[in-house]
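Take a look at the structures below.
Shared between the two complexes below is chain A, which has chain B as its partner in the first and chain C in the second.
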Partner chain A sequence: MDSCIPCHPIVVLTLACALGGLPRAIEAQGDARAQVGAGRVEDVSPAPAGALRTIAVDERLVADRGVRLGDTLTISATPGGAGERVVVGAIVRRAADPSEVARAEYRVRLHLDHLQSVTGAGDRVDRFAVAVTPGSTDAALAAINARSFGFRAHRSSDVAAQASRTFAVVSRFNRAIGVISIVASAIFLLCIMLLKVEERRRDVAALRLLGISRRTVTGAVVIEASCIALLGSAAGVAFGYVASAIINAYYRGLYRTPLAFSMVTPGTVGFAVLLSLALGIGAGFLAARRLTGVPPLSLFGR
Partner chain B sequence: MTVSHATGGGVPLLRTENLAREYALAGAPVRAVRGVSLTIEQGEYAAIVGPSGCGKSSLLNLLGAIDRPTSGTVLLRGRDVSHMRDREATEFRLRHIGFVFQRFYLMPMLTALENVELPMAEAGAAKRARRARARELLSYVGLEARGGHRPAQLSGGEQQRVAIARALANEPALLLADEPTGELDARTGRDVIALFDQLNRDGVTIVVVTHDEVLARAARRVVHMVDGVIVSDERNGPGDVGGPPRTTISPALVDAASPFRRTPG
Partner chain C sequence: MRATLAWSSLRRHPVRTALAMLGVAVSAAMLLDMVMLSSGMQVSFRALLTRQGFEVRLTPKGTLPFDTEARIARAASAESVLLAMPAVQAVSPVLGTTLHVVGDDGSAAAVFTLGIRPAIQGDYELLRGLDADAADRMVVNATFLARTGVAVGDTIVVAAGYDAQLRSWTARRRVLVSGEGRFHYLATGQAAAALPLSTVQFMVADAGTAPSDEVSLLMVKTQPGVDAEALRAGIERELPRVTAIATADAVKSVEQRLSYFRQLALILGTVSLAIGFLLVSTLMTVSVQERVGEMAVMRALGVSRPHIAQQVMLEGLVLSVVGAVGGLGLGLVTATYLNNILRAFPGLPAAIDFFVFEPRAAYQSLGMLVVTAVLAGAFPAWRAGSLPIATTLRSEAVS
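Presenting the complex of A and B:
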């Protein structure tokens, strides 16, 4: 296959970087058989020796345009511009990055020198990533920033946090909606319990006359309410998992990203179960008080 | 098998003195029980009868520490049960009084056996012991084969017999029953009456409120109430050898309320 793909120079570029005194840059590539950016190389085939240079293409390009490993493409910095023939040497899977969700453009990865020659912007770099050995991030940050290259180095986690700020707000908002739903269902549970105890007024009155204490009656009602709350939580968690799977499948397909749009984490489950259990116990107490707060004879409804 | 804490006849078990219960209603208060003094002896079987609304159930509630009198006292084995706090009265009922209701009031989600076990569980009996006693009691009331059945699977008569077994669970000093045959047809009612008779022979002290003439005749003693006062107190059958009346009635009240004039002495 031979096709022409306009390639935006701002796309992520991979740096074969050797900074003196810095920790090892692991992205240096002799050929395409290496880690490329944040994505993962799916498959690699060697380029014909001494001939065309290799590039890595986005898996979306593979899916949409039927590009395959070993195909020869023509790339240019501007649409319709003079192109250069290259060979597809790797396919890159997209990383789960929320800031890229809505971006539909394709990506092509080139070695830095190659990119510079294609774009004709030999002295311009927007962003590049440096991998460091674990534990040396601080030293690397300090060293890079001390050299005043004209750019600043940031931790990737800080960059990610910055990029996901909107998502954090959305996520907090969702949590608030979750809490409101749980409180609303606890009120619903309270109504159910009140109806239930209303149904059993006479039975409970008889029990009280037989000498069953308020404590026992309250305990029974609270246990029942707690069981309902726990069962409800279990059903809610199961529903959450299923709904989450459906939402993720849908949006992953829509945005073509491995990103998780909805997550049911152990923390969320624990919080939801504890909250609904606490509210269930409260509802049980309130409902039980309707039975135990009055003399048993009056429960017979004279 | 012990069905109650009976120690023998002739010993006063329950004594009320000038017992009164008024219900404060808007307008005129209702004087349901008016100055009743009554003694029930150990091993006795008494029926309280009278027209509807004459205060039979109100009196029974006072005897069973379910309700508090407006004035007067109820002494059970010398202990004043009429002014107990709720918790104390509940505990007292659990351990010393058995109740049988007109509508059985078995717990629908529990089996017959579990229903009988319930008061024993509340009283802290060990699982194995209470299960054994519940089986014994069910067998006593003729329902040993029905222990695993829920109330909905039992007939009215069977449910009432389970309720009687439940009332006997903690070996009560006194068994109180309010219209125990009220929901039953004549034939099933007779089974329950026969059961009460058997219980009394086995030493259980029984006070029953009833409109059922057959049940009233089966009791050894019949206390007749009208308008909140006792107007007659008689012994049934050959066991009745006369003797002083056990009820002290103010003659004025009797004159006012009773169609049956009581001749003193």
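Presenting the complex of A and C:
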């Protein structure tokens, strides 16, 4: 395995966390999922006094339960089981991981050997994260799997794709809802345009009686419809930006994550404006053709 | 008379009327879908949880069923405590783990396995064959059979793990695939099997040690008429190391996790109503504007203000009701399509539906649309009813 560089074993084990010396509400929390490995350390305290080992705690735990750096906690592998006293040495913030959005449990992070000792996992780990030199992922994958030590190597991208299946479903659902919304908006726009143009019956009749050609009248109505569609689109884009900001602020607060839940991209804006313009022009054209096809005096109601 | 006039007025502009009805129909469809979505999960999940009559579930402290790998230790003792409670009718312990089906060529397929007591289990329904009522009998689901190529009646080898140093499977065991079952709580496409609890506990225990006394979940069936919430509180007092979850709590937890859909339903339902309102009010306003002369003449002939106003409101109502009735059918079609999308959620029990049709949902949608139509027609109706007769007739005559 020449392509591999030294890697970090990562263990993910369930750890029941009995929080001694903390408010009673915390004791009721029970299990937390502990992950040793990645994570951004926000603040690290100096090495604690005595033989107590340090752990890092989730900033959610800090916010919800008032845990502070330097606090002494008791952790155990099972609720009510024999515990070990530890010191809070760091507070970590979760990475912006979409797969964790709706998960409310807290996390604490221990050094691997510490977690193995607390949980009685011995020399076992759940998985290894392997860093490879650029371009040699396939070779590393094949080499690892060829060893067949009872485990299997997966590409990080495959693991990520598997983990993000939830979001693929949500995305498909949102797209379907989007299509229904577009159909509703299109009908609404067509209706409004039809009314708008029909309101101009007398103007159109006067223009036709003055000798203006059907083509010119139709062109004028279409230009007017385009302007309305463009102005409406501009207002819609502004409304979309505001709505997007509100959605992001709300869900970021709700799920306590820096993830973006709504993004107004140039592609989205372009699609919305083009669709609205096409519908506006189409509706304007159809309505104008209907009006210019009627004799001017009939438009006057004579 | 009013209805006839309203209908004639709508027929005068067939394209406009048809478009407005179509617009209301799409809004109604969306509204119905959103009403179904807002309550569908709750109805569906509650039906799933109460199907087997287990009203309370016990999990390791602070967890939801099978949400983590945590287990309840000293399960036998916990079960005894529960059975001693008068409100408890039966207890069904469940241990979930992953076993490996080992092929003759050394290949293996991982299978989610439940350790259960066949006599009192609520996790699956036996479709054919025999239940897992002997130590080496296994009930599997259709996905398992399709994925492994095994048939009911075959004997297979299952193992609890793999020892990398010895390069051999651990806790190997030959079992008979005795039956096929439908597992209620598992996702579509998830291969699953059930073995007697004692067998699974024996397999997951470390080599050379006594069988594990751990379970993932204890499901409690209550005596008839017992308040599940009171029992839940009582269990937590007796067994502080577990979390007891009544069905209502479980539904609430799932709703919290999937709150996105409820919020989306609220927002889109409101938007649908707003679109319906705007559509009807715009159309009626323009319609009234076009017919001010006609209405002034009617007023001059002695037709009362309320009569004119009612005619305009009736037009709006007809637009909305006809559109809404068409929209309900459209809504059911789109709900089925959207439900199929959401049922692909990974890990979601196959029996869960997001969109559940209840007559109440249809009545609610129709009711909201009718109220919206009345409100949308109110301003144009008031305007039509309050036209000054002489001024309007004069301005119409001049133009």
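Observations, loosely collected:
Everything below uses one rule, namely that the second predicted complex is superposed on the first by the 218 of 302 C-alpha atoms of A that agree within 3 Å, B and C clash if a C-alpha of one lies under 4 Å from a C-alpha of the other, contacts with A are read in each partner's own complex, and residues count from 1 in each chain.
In this section, a residue touches a chain if its C-beta (ideal position, glycine included) is under 8 Å from a C-beta of that chain, and two chains touch if they have at least 3 such contacts.
Keep in mind that what you see is a predicted model, and the values were worked out from it rather than measured.
Looking at the shared chain after the overlay, A:Thr216 reaches chain B, while chain C stays out of its contact range.
Of the two partner chains, chain B is the only one touched by A:Arg208; chain C is not. Applying the stated contact rule after C-alpha superposition, one finds that A:Ala260 touches neither chain B nor chain C.
In the superposition on chain A, contact of A:Leu195 is made with chain C only, not with chain B. For chain A, the partner that touches more of its residues is C, with chain B and chain C as the two candidates. Of the two partner chains, neither chain B nor chain C is touched by A:Val237.
Of the two partner chains placed around the shared chain by superposition, chain C is the only one that A:Ala176 touches, whereas chain B remains out of contact.
By the touch criterion stated above, A:Arg165 is placed in contact with chain C alone, chain B being left untouched.
Once the two complexes are overlaid on the shared chain, A:Leu297 sits against chain B while remaining clear of chain C. Common to the chain B and chain C contact sets on chain A are residues 202. Taken together, the chain A residues at the contact with chain B in this complex read 202-203, 205-214, 216, 295-297. Of all residues in chain C, those touching chain A in their complex are 13, 15-16, 19-20, 22-23, 26-27, 29-30, 33, 60-63, 67-70, 73, 162-164, 167, 240-243, 256-260, 264, 268, 271-272, 275, 278-279, 282-283, 286, 289, 334, 337-338, 341-342, 344-346, 399.
Residues 13-14, 16, 28-33, 78-81, 102, 104-105, 149-151, 165-166, 169-170, 172-173, 176-177, 180-181, 183-185, 187-188, 190-192, 194-195, 198-199, 202, 251, 254, 290 of chain A touch chain C in their complex. Residue ranges of chain B in contact with chain A, taken from their complex: 61, 64, 66-67, 86-87, 90-95, 97, 99, 101, 103, 105, 107-108, 118-119, 122-123, 166-167, 170.
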